[in-house]
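Each of the two complexes below includes chain A, the first together with chain B, the second together with chain C.
On to the complex of A and B.
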C-alpha cells in the first residue's frame, strides 16, 4: 500500500517537472524582456557606458536568450540563483532564510481554514430547510467576497488597533532574541526551551494566520455543504436511516466520509492559492517572510531575487497541488486501479 | 436570453447588488462634482483630522484629513473612480482575450484546444499575486499599466470556465443544423455558440470586476499601482497603516469602501448566476 502511494507521488512529481521547466523559462523570459538592465542596475549610477558593457558581457547578457536561460538553469540546479542586486547577498540564501517563516504562517492558516471550513460546512448543512439557511447562505457569500488582503486589514484594525488585544507587527516581540537552528521560529524557541519566545511568536502569528484562514474557509464550507447535499441523495443514506441510525450517526459516520473527496480536491487547490496569499498578509503585518522579501525585490527591480522567489512560490504551489492530487487517488478506491 | 435576464430583474438580491454597484459607479462618474475638495490639495496645517462629528473635527473636512492634510472624503470618491476604471477596463480586456480563446479552443477542439489548454495550465501555475507583481516590475506604475497587468493575469479565468461551456454548446444539434444550413465556422460561433455562453459570461464579468477592484487595491497598497498622483484606496490604506494610532478612521474608511464594492459585485455575480443559469434555476438551488 505504502509502496503504491510512494510510486504514485513519485510519478506525479515527475510529471510536474516539464511544467516547472516551462514556468522557469517563462519567468526568465518575462524578466529579461522587461525594460530593466540588470547590468546597469548592479553598478553605481556613476558607471560609464564601457563599464556597463563590460558588466553585461560578464553577466552573459550579450548572449542569445536561450543560451542565457541554460546558463541560469545550470546555476540554479546547483542552488546558485545569482546575487541580489540591492542586498548584495546570494538570492538563494535569502530565500532559504525567509521561507521557514512563510511556511509556518501558511501551515497555521491551512489548519485554521480546514477547521473553520469543515465546521462551517456542517453547520450550513445542518441549517438546511430552516429560515436561518438563507441568512447563513448570504453570510457565506459575503464572507467569500472578503479576500485575505481585507481580512488582514480588518483583523489588524479590530484586534490590534481598537482592542489592543494582539500584536500586529513582526514575527516576535523585538525585545526578545531570535534563535536560529532550523529557521522555524516556533520550533527553534521550543528547542532552546524558551517558552516566552514561543508564546510571543504564537501571539504574533494569530492575526496573520486567521486573516488567511478566514479568507479560504468559506470556499471549503460551501463545497462541503453541496457535496453533503449530493451524498444525501444516495441510497445508502436512506438505508442507514431504515436501519435506525440517528441523523448525527448518518452525517458523521456515513455522509461526511463520502463528501470529503470533492472537498479535499477543492481544499488542495485552495491551499496552493493560500500559500501565495501569504505574500499580502506578510506585507500587512510586516511579517519577515518571503512575501516581504518579494515586495522589496519588486520595488528595487532586483531581478535575480525576483526570479528566485517567484520560482520558489511556483515550486511550492506545484508541490502542494501534486500532493493533493495523490491524496485524492489514495482516498478514492475507484481510482486505485492498477 | 431575454427570458432569464427579465427573471433576474425580479430577484431582490440582484436589485440590491445592482443599486450598490450603481452607487459606487455614481461616485466614480461624478467625482468632480460631488467631492468637496481637490483630492491632491494639501493642508499641512490640518493633518490627520478626525471625521467632523468627533472632537477636533472640522466641518469642511467631513471625514477628516490624511497625513498630508488631504480631504479623506474627496480621496475616497476619487478612489472609487480609480477602482471602477481599472475594474471595468481590466475585466473587459480579460473577458475579450479569454472569450475568444475559449471559443476557438472549445469549438475546434483537437490540437488548437490542446495548445490553448496547456497555455492556460502553465499560466495558472503562476500564483496570480506573484505574476501581477512580476509584470508590474516591467510595466511600471500607472492606471493603464495596472489594467494591462490584470488583463494579462486574469484572462485564464474566463478561458477555462467558458471553454467547457463552449464544448457543451458546440455538440448541441442546433449548431450542427446551422452548419448544415451553410453557416461558416465563424458564423456558427458568433451566431449560435456565443449567445448561448452569454449568461455565464455576464456572471464571470461581474465576479471579475470584484477581483480587479481587490487587485488594484493590493497593487496600490504595495506602491506598485496607479502611481502617487492618483487617489486610490490601496494607497490610502498603506498611508493610514503608518499612522494607525493617531488616526484609525483613515484606515477603516478605505477598507469599508473596498469591502462594499467587492461585496456588491460578488452579490451581483451570485444573483445573476442563480437566475441566468438555467440548470441551477431548474433544480431550485
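On to the complex of A and C.
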C-alpha cells in the first residue's frame, strides 16, 4: 500500500509542475491586465508623471508581457516573489509569516466540520422514516444556506457581545506573549510549555473555526446520509445482518467505511473552498492569517502579493487533492490492486 | 430490519469527539477590568511597515507618532509647534532652512539623537537609494549642512515654502542613523527604535501592536503605561469589540452606529469634523467642457442634505477646498445650493430636464464612509435639474492609473486628507497639473497654481491660495462638498486629546 501511495504522490507532484506554471501564467496575465499601475502605486501620491515613467522602466513594465512573466518566473524559482507594493516587504516572507495561522484555522474548522458533519449525517440517517426526519432535513438545508461570514457575525454577536464568553479579536490574549518557533501558535505554545498561551490560542480559535466549520458541515452531513442510504441497500449489509452482527457493528464496521468514500471526496473539495473561506472570517475576527493579508492585497491592488498568495492557495489545493487521493487508496482496497 | 442507532451511542460518538474542544471552552473568557495604566484600542489598519519614512499612510500616523517623533509637531488646533526642532527659520527665498534640535533627546536604545540622525533621515537615506516615500516629499533637499550636534541647515535646489509643514507631515520622522547602519534595515523594521513617548513592545502583523511607555521620554510622559492596539478591520467587529469591553476605545465606526451609542449613553461617542474634504474632482473637457454645465452641476448639489443624511449633520458643507480654521479657508465665500440657478445655467447651454446633459460619474464604494450612497444621492439631485449621470464604481487603487490614462469620467467623488491644513496640500496639490491627483487639465488654473509653489512669503502664499480657491470654484474646476468626519467611541472614563485633523494619539489617553 505504501508503494502505491508513494507512486501516487510522485505522479501528483509531477503533474503539479505544469499546473502551477499554467496557474502562475494566468494569474500574472490577469493581474497585469487590470487597470492598475504597479509603478505609480509603489510611489507616493506626490510623485510626478516623469517619476512614475522612470519607475515603470525600472520595474520592467515597459517590456512585453511574456518577457515580464519570464523575469518574474526566474525570480520566483529562486524564492523571490517580489516585494509587496503596500508593505514594502518580500511577498514570500509575508506569506510564510501568515500561512501557519490560516492552516491552523482551516484544519480546526475542517475538524469541526467533520465532527458536526459526521454526527449530523448519522443523526439524519438515524431519524429516517420518523416525523423528525423532515424537521432535521429542513434544519440541514437552513444550515447549508448560511455562509461562513454570516456565521462569523452571528457567533461573534452571541458569544462575544451578548454572552461575553469568548474573545473574538486576534490570535491570543494581548496580555500574553506570542512565541515564534514554527509559526504555528498552538504548536509553539506547547513547545515552550506555556499551557496558558495554548489555552488562550484555543479560545481565540473557537469562534472563527466554528464559523467556518458550521458553514461546511451541512454538505458533509447530507452526503454522508445519502451515502449511508445507498450502502444500506447493498447485499453485504443484508449478509452482515444474517451473520448476526449488531446494527452498531454493521454501521461502524461496514457501512460507515464504505459511505466515507464519497464523503472524503466532498471533504477534499470542501477543504479547498473552506481555505478560501478564511478570507472573510479572518477579517471579521482580526485573525492574522493569509486570508486577512489577501483582503488587504486586493484592496491595495498589491499585485506581487496577490500573485504570491494566489499561488500558495493553488499549492494548498493541489496538496489536499493528493492527500484525499492517498486516503482513497488507504480506504479502498480496489485502488491498491489497480 | 431498520437500522437503529441508540441515542446514547450517538451522543457518545458526537460528544466524545467534542470533549477536547469543550475543555478549552470550559474555561470561561473573562475580560479583565481595564487597569488604570493599560488601555486597548480597536484600530482599523495596521502600519504598512515599521520604517516610518517608507510609506505615506495617513491612518498609521497616530501609531508612528507614538513610537517616533517628528521634527515639528502640531497642536490640537493644528498650529505648527516646536518638537525635536526647537526653532527653525526658513530663508526669504525658501532655498534653505536653518534648524536647531533639542539636545536632550535619546532613542529608545539609549543613543543620543543629533543632527547626524537628522541629516541621515532627510538626506543620506534618500540619496542612498532606499525606497522611501520621503524621497519624494524631500526631493528638493540638496544637502543638510551640520553645524553642531544640534544645529543644521537644509539646502534646497528649488524653493520649498512648505518645508516646515512637511516636517510635521506624512513620513517625516527622525530615525536612528547608527542603529540602522550597524544593525541593518531589516533589524530596524523588526525592532524599531524611535524617540517617541512609547516603545514598541510587541508586534504581530495584522493583529496587534503593544506599546510600552518610554519612561526616559524627553517630553511629557504618556499617562497610560501600556497601550494595546488591536487591528480590527471590520467595522462591525470594532462595534462588537467596544460593546463587549474587548476594546476601551475604537475609531472609524459607521455614523449610524455612533448615533446609536450616543442615544444609548453608555459610551462616549463622537462624530468630529476633521481636515479631510469630500469633493468632486472634475474634468475640463467632454461633457464638462461647458462651464455652465459644471457650475450647474455644483449648484444642484444640496450639501447640507448630504451631511444630514449620511453624517448625522456633523459634516460641514464646504464652498472652497479647505476646511474651517485652516489658513486657506474663506468663511465669507459661499457657493449656494440653488437648483433654479442650475436649471437656468443648463438652459443657457441648451440643456434641461427634457434634454439632459449627459456625463460620466465615478465613485469608490467603501473607501470612505457612505461614498457610494453620496454618489447615488448626487445623481438624483442632478437628474432633477437636467443632468443625466452614468454612475460607475471604481477601486481607489485604480484612480491614479485611470487619471494617468485620461480615462476618468467627467466627475469623480474623492476624499482628500491633509493633516497639516496648509492650502498648498489642499488646492495646490489638487490643481497642480504636474501632480497625479486631479483630472482637471487646464493651462490657466494650472499656471496660477504652479506660480504659488514658488512663493516663499507665508502671508503672500496664503493670500494667493485663497484667491486660487475662489477662482477655481467660480470656474467649476473644483467642487468641494463636505468636511469629512471621524467617528470615535470610548469608555466614558477614558479621555484623549482631540486634534483638528482627527489624530487620536495614544500618548494623550488618560483614565479618570
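Side notes on the structure shown:
Just so we're on the same page, the second predicted complex is superposed on the first by the 333 of 338 C-alpha atoms of A that agree within 3 Å, B and C clash if a C-alpha of one lies under 4 Å from a C-alpha of the other, contacts with A are read in each partner's own complex, and residues count from 1 in each chain.
Keep this in mind: a residue touches a chain if its C-beta (ideal position, glycine included) is under 8 Å from a C-beta of that chain, and two chains touch if they have at least 3 such contacts.
Worth saying up front: this structure is predicted, and the values here are computed from it rather than measured.
When both complexes are superposed on chain A, chain B and chain C clash. Once the two complexes are overlaid on the shared chain, A:119 sits against chain C while remaining clear of chain B. In the overlay built on the shared chain, the residue A:129 is in contact with chain C alone; chain B does not reach it. In the superposed model, A:40 makes contact with chain C only, not with chain B. With both structures placed on the common chain, the touch criterion links A:301 to chain B and to chain C. Within the superposed three-chain arrangement, the count of touched residues of chain A is higher for C, of the candidates chain B and chain C. Judged by the touch definition given at the top, the superposed model places A:89 against chain C, while chain B stays out of reach. In the overlay built on the shared chain, the residue A:161 is in contact with chain B and with chain C.
Once the two complexes are overlaid on the shared chain, A:64 sits clear of chain B and of chain C alike. Of the two partner chains placed by the overlay, chain B and chain C both lie in contact with A:283. When the shared chain is aligned, chain B and chain C each come close enough to touch A:153.
Chain C runs into chain B after superposition on chain A, and of the options 8-16, 44-52 or 206-214 the stretch responsible is 44-52. According to the touch criterion, the shared surface of chain A, contacted by chain B in one complex and chain C in the other, consists of residues 34-36, 153, 156-157, 160-161, 283-284, 295, 299, 301. Touching chain A in their complex are the following residues of chain B: 121-122, 125-130, 133-138, 210, 214, 217-218, 221-224, 237, 241, 244-245, 248, 251-252, 255, 258-259, 262-263, 265-267, 270.
Interface residues of chain A, counted against chain B in their complex, comprise 19, 22-23, 26-27, 30-31, 33-36, 141-142, 144-147, 149-150, 153-154, 156-157, 160-162, 272-273, 275-277, 279-280, 283-284, 294-295, 298-299, 301, 306, 310, 313-314, 317-318.
Contacts from chain C toward chain A in the complex involve residues 1-6, 9-10, 13-14, 17-18, 21, 24-25, 27-32, 40, 42, 48-49, 51, 54-56, 131, 133, 136-137, 170-171, 189, 202, 204-208, 210, 228, 230-234, 236-237, 240-241, 243-247, 395, 397-398, 400-402, 404-405, 407, 429, 434-437. Residues of chain A touching chain C in their complex: 34-37, 40-49, 51-52, 86-89, 94, 97-98, 112, 115, 119, 122-123, 125-126, 129, 153, 156-157, 160-161, 164-171, 174-175, 177-178, 199, 202-203, 206, 232, 241, 247-248, 250-251, 283-288, 292-293, 295-296, 299-301.
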